[in-house]
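Okay, got some structures for you below.
Both of the next two complexes hold chain A, though its partner changes from chain B to chain C.
Here is the complex of A and B:
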């Protein structure tokens, strides 16, 4: 009996579920995936209605189902766009921001089905397709946002290596000061190269550089290439100028510091860029929706 | 003679540190190099940038020694003479030198100061600028405003302001009025663009393509659905008559109930508008693309609502009732009776004509032999279907059967040779026939002419033909002529005579031979299914059979039919071999409109109670007042 009791004890302990730590549950799987289930069910119901209900003469926004889907889609869009207001008020529980965000994401994705079936796959150069196109831009940028939010923070923290943003800038500034000092004895040509690094280095650069990560035309890269070439030449000719070799060392260290900062910037840009499209496109969508609905009844 | 050099450096808290040195001599050097009298830690400055020399006149000579000019009073110069009393300034890279007179006589002060700060200011704003996209991209708020304004102006306000006239183009209405009322022909989309086109929900039908830039032609009032008046401006009611009497249509229509119908009533979308069926902006076939369900909405249960209708309910293609061809049940030249009888009820037609299809379509009998000898079109040795049934110009139906054209080649009515002329009896006029025969015999009795011979219709025995004829025309006088003529007339009309081959002949027994015989009237139906259209030309191949085989593939009983009473139409099951419901994947879709029209009495009577007179509209009756002597076969 005693052995049985002993052997049963760990089993019963294993069965008892530890209280869920909701604070560490992501918004995608909030409440065990309630909202993706709701969104999937909505998409399936809507698709089944589209397939089964006879829409004569052909499916579009003007049939009874079309009006129904349009109303549903418009209400969804209005509610989804309210996240911008809602996120500024953080609460807990059923109506927590996390619950709201979870619903926003999943219902937003189901809008692809609702909105497209509302169109009956009729597209053209008009305000109606404009509204659909803007809706798709908003949804797809949002989808991109979810993907980068899920994947990039890990890379971001791996790249930072416990260094803060101000520290990254500080390191570059310190190297600049060293470069400035070390360049003082140099002749005008070499000094000009150092000035290239000091004055023509744009840490962040343009949007394209931030997203593409190509900084080859940047001041420091050009100065580094020129100085490295010069030092190589001197080394082949005999004894290199120690002062220039010191400059080369500093430029290389600055390039490494820049590379880390720029990887950080690149990742952060990708984390941010979608919102720069998602949010304005949402407002454009609301305007296009107003034009779409008004024009339909204007020219009935 | 001395230079007093004052070098100013900025402290972190913003204050200045001034270092003053006195250099005795007439000249000092300025540059980045450590050997210079005034050393400027500025990479833009040359190692030995310039030399200042005190002149005897008290002025200071400036000479750029590094090969790079200096900026004095806005000018880049290699050398200059300056008066220190006027506090001149010399700019080189980020630094500025200001000259002045020193307190000691003959001394000159040189103040060196960095005027362009080094860009190492560590402020938080710079950090945000570098690590966030805020400075790189147009802000979210500004972009949102920009897009909202663009969309609202381009998508709503501009089209509203620039919308054109709210009426159909007068030229189009005039063209429709000039024409037959079927509206202007399909026009290609004219060049141009109207601002309100951005509201289009799809391309217009090809017939309305010319209106692509005239939204107001149909959308005449904002927030009011398109009304029939917009359509009837071009499509006059005369050209597109009602499907049935409006009152009957109202009774026949299902009163829509439910949420959608209620909404339609509330938002002023009345039932029965042109646009209720004709949906525009659905692509090139749009306006004519009427779903079959629009027809079955009413016709599925019409008999229940319109009690006196003669139409059977049609729930759909698979539930379509059996064909009820309009057959002749009482032939008459003037008042024939047509009756619709279902093919399921084995209809028997009474056309009045004797015509066995089997005899005429045999490949082995005398008909086939004669057809070949006469070089008539034969198919497989037999007379072809197309010899009698000639397609009309549309290829939909057939030209009427005419005795002379379709029968006369074999059934010829020649009765005598008069010199080189063949005398022929007129078809369809029995009284004339009797008169002509009488006149022939009388003229031979009174004034016999050589070379005149009678052609008998009776079967002749070989070898005795010429002798018999010559003897027959030797007449003794008018009395015999009269008797011979009456005998000939009786032979022509008698059973076995030429008329009775095809016609029923009534012998009234009257003494006068001219009125003794009457021909039973013949009336051939020329359109068995006048409420539908079957384009024969599209069905020339059936199940790989072509030519006559294709005809008899559907009209199956033809080769075996012995009497003209047989109604040789295929039943609807034959159609269903190839045609299926509109959503059929395996068979050709049969919409209502595949066979039926809607507007106009011609293609679809529409009215439920079909009056005989109305039914006859589809048939070619002689016009009132026209001569009644038309041949029966021409009906």
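Here is the complex of A and C:
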């Protein structure tokens, strides 16, 4: 990640452009790390208050500080959950989704401190601890999200090699067409192997395959292994069948194309999968939070 | 006996047909000669079902015109015209190609035309042609002859396709156009010619494997030098996919029924050919037109015939209308067809159809003059307009604006974008040369021009201009100014001289007057440098100094045997001053990033100037100290961070290769941050009628820096070069945008070397976002899928395909939506001089 352009090359010119914000910073360091500083300060202030302010008989959500922390936490949770809307509503005004993400990430992490101190470390099998638990699930999945956002884009870019996803799929389709052509003169047994590749190949595969990256039992992999064995056997016996050697070549190319597409899909899945827990858990958290607040006021 | 007509009209396109229709309704003896077997061949050849547009909207179609026209489907328009031609009993002769027109009357004394023909080797020959008075004899290709008192030439600019010269070239299976590639199946087809037309035809024929055509493209050269890059790439991809065969260095030798014989680099080849499509370019109609005794305004390839206000050429009684006269739009053509027949019929008071438009342009000016008066006043007052004819002035004024500016008002401000040129008709303006002190001004008097730096370099305005007294100014759009400079060469030279003087004044400041500069201007030469060519080479002797007029340069230095990128130099800057000052050899190599125009000033003359102006020397030394510091910085880095300096050079060269050198504003994506959410594309679509103007994933990548397919807002946009309705402009914040007058012709899309313009229909409106979020209505954020748009399109309403491109979200206070909506900060929009700096080094250093 890079910092803003600090120095400029000395270029003499007649026409100077108007200055414009082109800061090239990632969301973690947005505005020279403004939001991690804010979040850290918030956590320190809250911790100091917890340590220094006398809460008798014991730290609890019901003391003055507890109410304060609870209100702060609830407001934070509400605001943090609005990121999903902000991302989708494209307005014309000056806003930066990067700034929102930056604040979302760092303030979200500080919620660990705010929320936990609000509980006064009293946990039990009740709706209050359920809300805390859901909050921790949301935060921890978010933490995982930060880690993959920081590490995977580089791999995604390197794997893509300037090829777009539709082009990857198109390349596989083109190889299928070649395979289909090349298989016409083959005998039924060999043709069945090609059909195995054409019909039993699942590019994306199951979720487990996408995350694990193991496609050894897939149609093309099995067809490739069988044809490779067959060509090898023929080679040892003398001259291999040229048509089958051509099939082997195409299957190998398809396997390579599949591998690239699958790495791409796998990386994209890992960049997204956590959201499938993060977002529903947020909705559950909002519900639990409502129950927690209502019950506290009803049964107080 | 040869038939004799009052009017012979050649060409049955919108202009010719409208002329014939008017002649028929006036009951004049006329004949309409059409080369092909149907009316309006150019529109006839449009793709089936194409939506033909009727722009400019402000131009009215003559109420007295006899031919109907409104925007609509090709078939509807052609049908209406055919019906009208029958109804008016227009005397049409089909398949009548005119090969020569000659006067049969007395020789006109003193009326001799010189025709200059240029040969390929650069030499030229001049033939003289004595003009004869009407009536004219029109010789037809089939040997027939026609006599006519007046001739209306409405043949357009398409010309005639070049024919296959080899034996058998006139066989039945040789054709010169391809209307519908889907028509042919199971054929062996040879496409001759590796230009855009040939490549597009070949790709079309091979596009659908189900058609099972065996397509071969034959190209005379080894490379496809005249075709667009995108087409060549598509062709090579099609070859690699096995869909097309390519034969380069090959020419046809003989055509036999069902076969073709070719000369290839490896010898003669005979191949099966069910169909041969020859796309070898076309001969422009200029030769034919000149042979009729019609003079052109200049030798320029794009020049038009010289015309009087009533469209009469230098050959009395021969008139030129339509695209050949320089009016490519259908409504223009139809109006002119009507008008020219009125003129021939003796109506000399007819006001042109554009009269109301021009009236509106002059309406705001003081001193109630007629349009003709104003045009004459402009022409006689503003020096560079002096060489124009009244008809050229009308045309010129349609693309220009006349403005009254009260004393003290600002005409334009420093640093605002703008590429128009201003001429001072009355009054004077003051140039605020010093941004720090607006009191220091230089006056410019009536007759002079300003704004030429923006025009030439495409960069922002260099100074604020304020009206010194009440002024009348004429603002000339870039397109009109370029047309003017090519039509009137003296105007071009004058603009160049003024530009050179003023850019010297602006760059070197130090109170230089035009008199100080006269000596050095005399040595100035404008030179064009091809992309990648070195202007200055490190280590060579030489002390000329160069001002970059348009385009941009990169500065490189050899360090440890490898060229290291030092700097990016935009238009408006100068290079080469170090050698003048320290007298040593060149200290670095300067190479053109894109095709660039430079002004070369001789070192000796420049040194004389420096001797006379010590403060200029001091200024140059200060600039030079900056550059030396940069050199030292790189030198210092290279030992400790060898890899880093290489990376810096690599990234800089990559960006220059991607056209960043001619960009003014480019979208870059840091792929170390991009998570592939495509929110940039969604934001783009949602802030622009539901169509995304950017393709994030496509495009090149180097060192995780990705240049997506998205507009770079070039200094001299390629898309603007050939827009018939002039719908592409540069906006007030520097963006290049397409306005609503787009006719969907696709010229800009073909002209863009970066493939950032798409032709598409605006999809129907989506349901509200919350209704999608809560109830799943509609397709959600971003561009709706084609199927959804098709299903929800309003029935019975035809939405035309128009050109769509990035407008930098002009008018949206937040700036570009793609950048605003990027959640991780991967997307940034920068100008090259902001990005191609040592900041790149710091990028790598983290």
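What we mean here is this: the second predicted complex is superposed on the first by the 269 of 300 C-alpha atoms of A that agree within 3 Å, B and C clash if a C-alpha of one lies under 4 Å from a C-alpha of the other, contacts with A are read in each partner's own complex, and residues count from 1 in each chain.
Going forward, a contact is a pair of C-beta atoms (placed from the backbone, for glycine too) under 8 Å apart; a residue touches a chain by one contact, two chains touch by 3 or more.
Not measured: the values here are computed from a predicted model.
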Checklist entry - Touching A:240 in the superposition: chain B (first), chain C (second), both, neither? => result neither
Checklist entry - By residue count, is chain A touched more by chain B or by chain C? => result B
Item to check | Contacts of A:133 with chain B and chain C, given as first, second, both or neither | outcome: neither
Checklist entry - Once the shared chain is lined up, is A:188 touching chain B (first), chain C (second), both, or neither of them? => result first
Item to check | Partner chain in contact with A:268 - chain B first, chain C second, else both or neither | outcome: both
Checklist entry - Thinking of the overlay built on chain A, is A:165 touched by chain B (first), by chain C (second), by both, or by neither? => result both
Next on the checklist: By the touch definition at the top of the document, which applies to A:30: first (chain B), second (chain C), both, or neither?
Outcome noted: second
Checklist entry - Residues on chain A in contact with chain B in one complex and with chain C in the other? => result 165, 177, 268
Checklist entry - Any idea which chain B residues touch chain A in the complex? => result 32-34, 41, 43-44, 46-47, 66-68, 118-120, 122, 126-127, 129-133, 135-138, 140, 143-148, 150-152, 155-156, 159-160, 196-203, 215, 219, 222-226, 260, 269, 279, 282, 289-291, 293-294
Checklist entry - Inside the complex, what are the residues of chain C that reach chain A? => result 209, 241-242, 415, 453, 457, 459-462, 503, 506-507, 567-570, 572-574, 623, 626-627, 629-630, 670-676, 679, 682-683, 686-687, 695, 697-701, 704, 706, 769, 773, 780-781, 812-815, 817, 820-826, 828-831, 833-839, 842-843, 846
Checklist outcome for this item: chain C partner, complex, touching residues on chain A are 1-3, 5-18, 20, 22, 24-27, 30, 85, 87-98, 100-101, 149, 152-154, 156-158, 160-162, 164-165, 174, 177-178, 268, 271
Item to check | chain A - residues contacting chain B, complex | outcome: 54, 56-58, 60-62, 64, 122, 124-128, 130, 134, 165-166, 169-170, 173, 176-177, 180-181, 183-188, 191-192, 194-195, 198-199, 203-204, 206-207, 210, 261, 264-265, 268-269, 272-273, 275-276, 279-284, 286-288, 290-292, 294-300
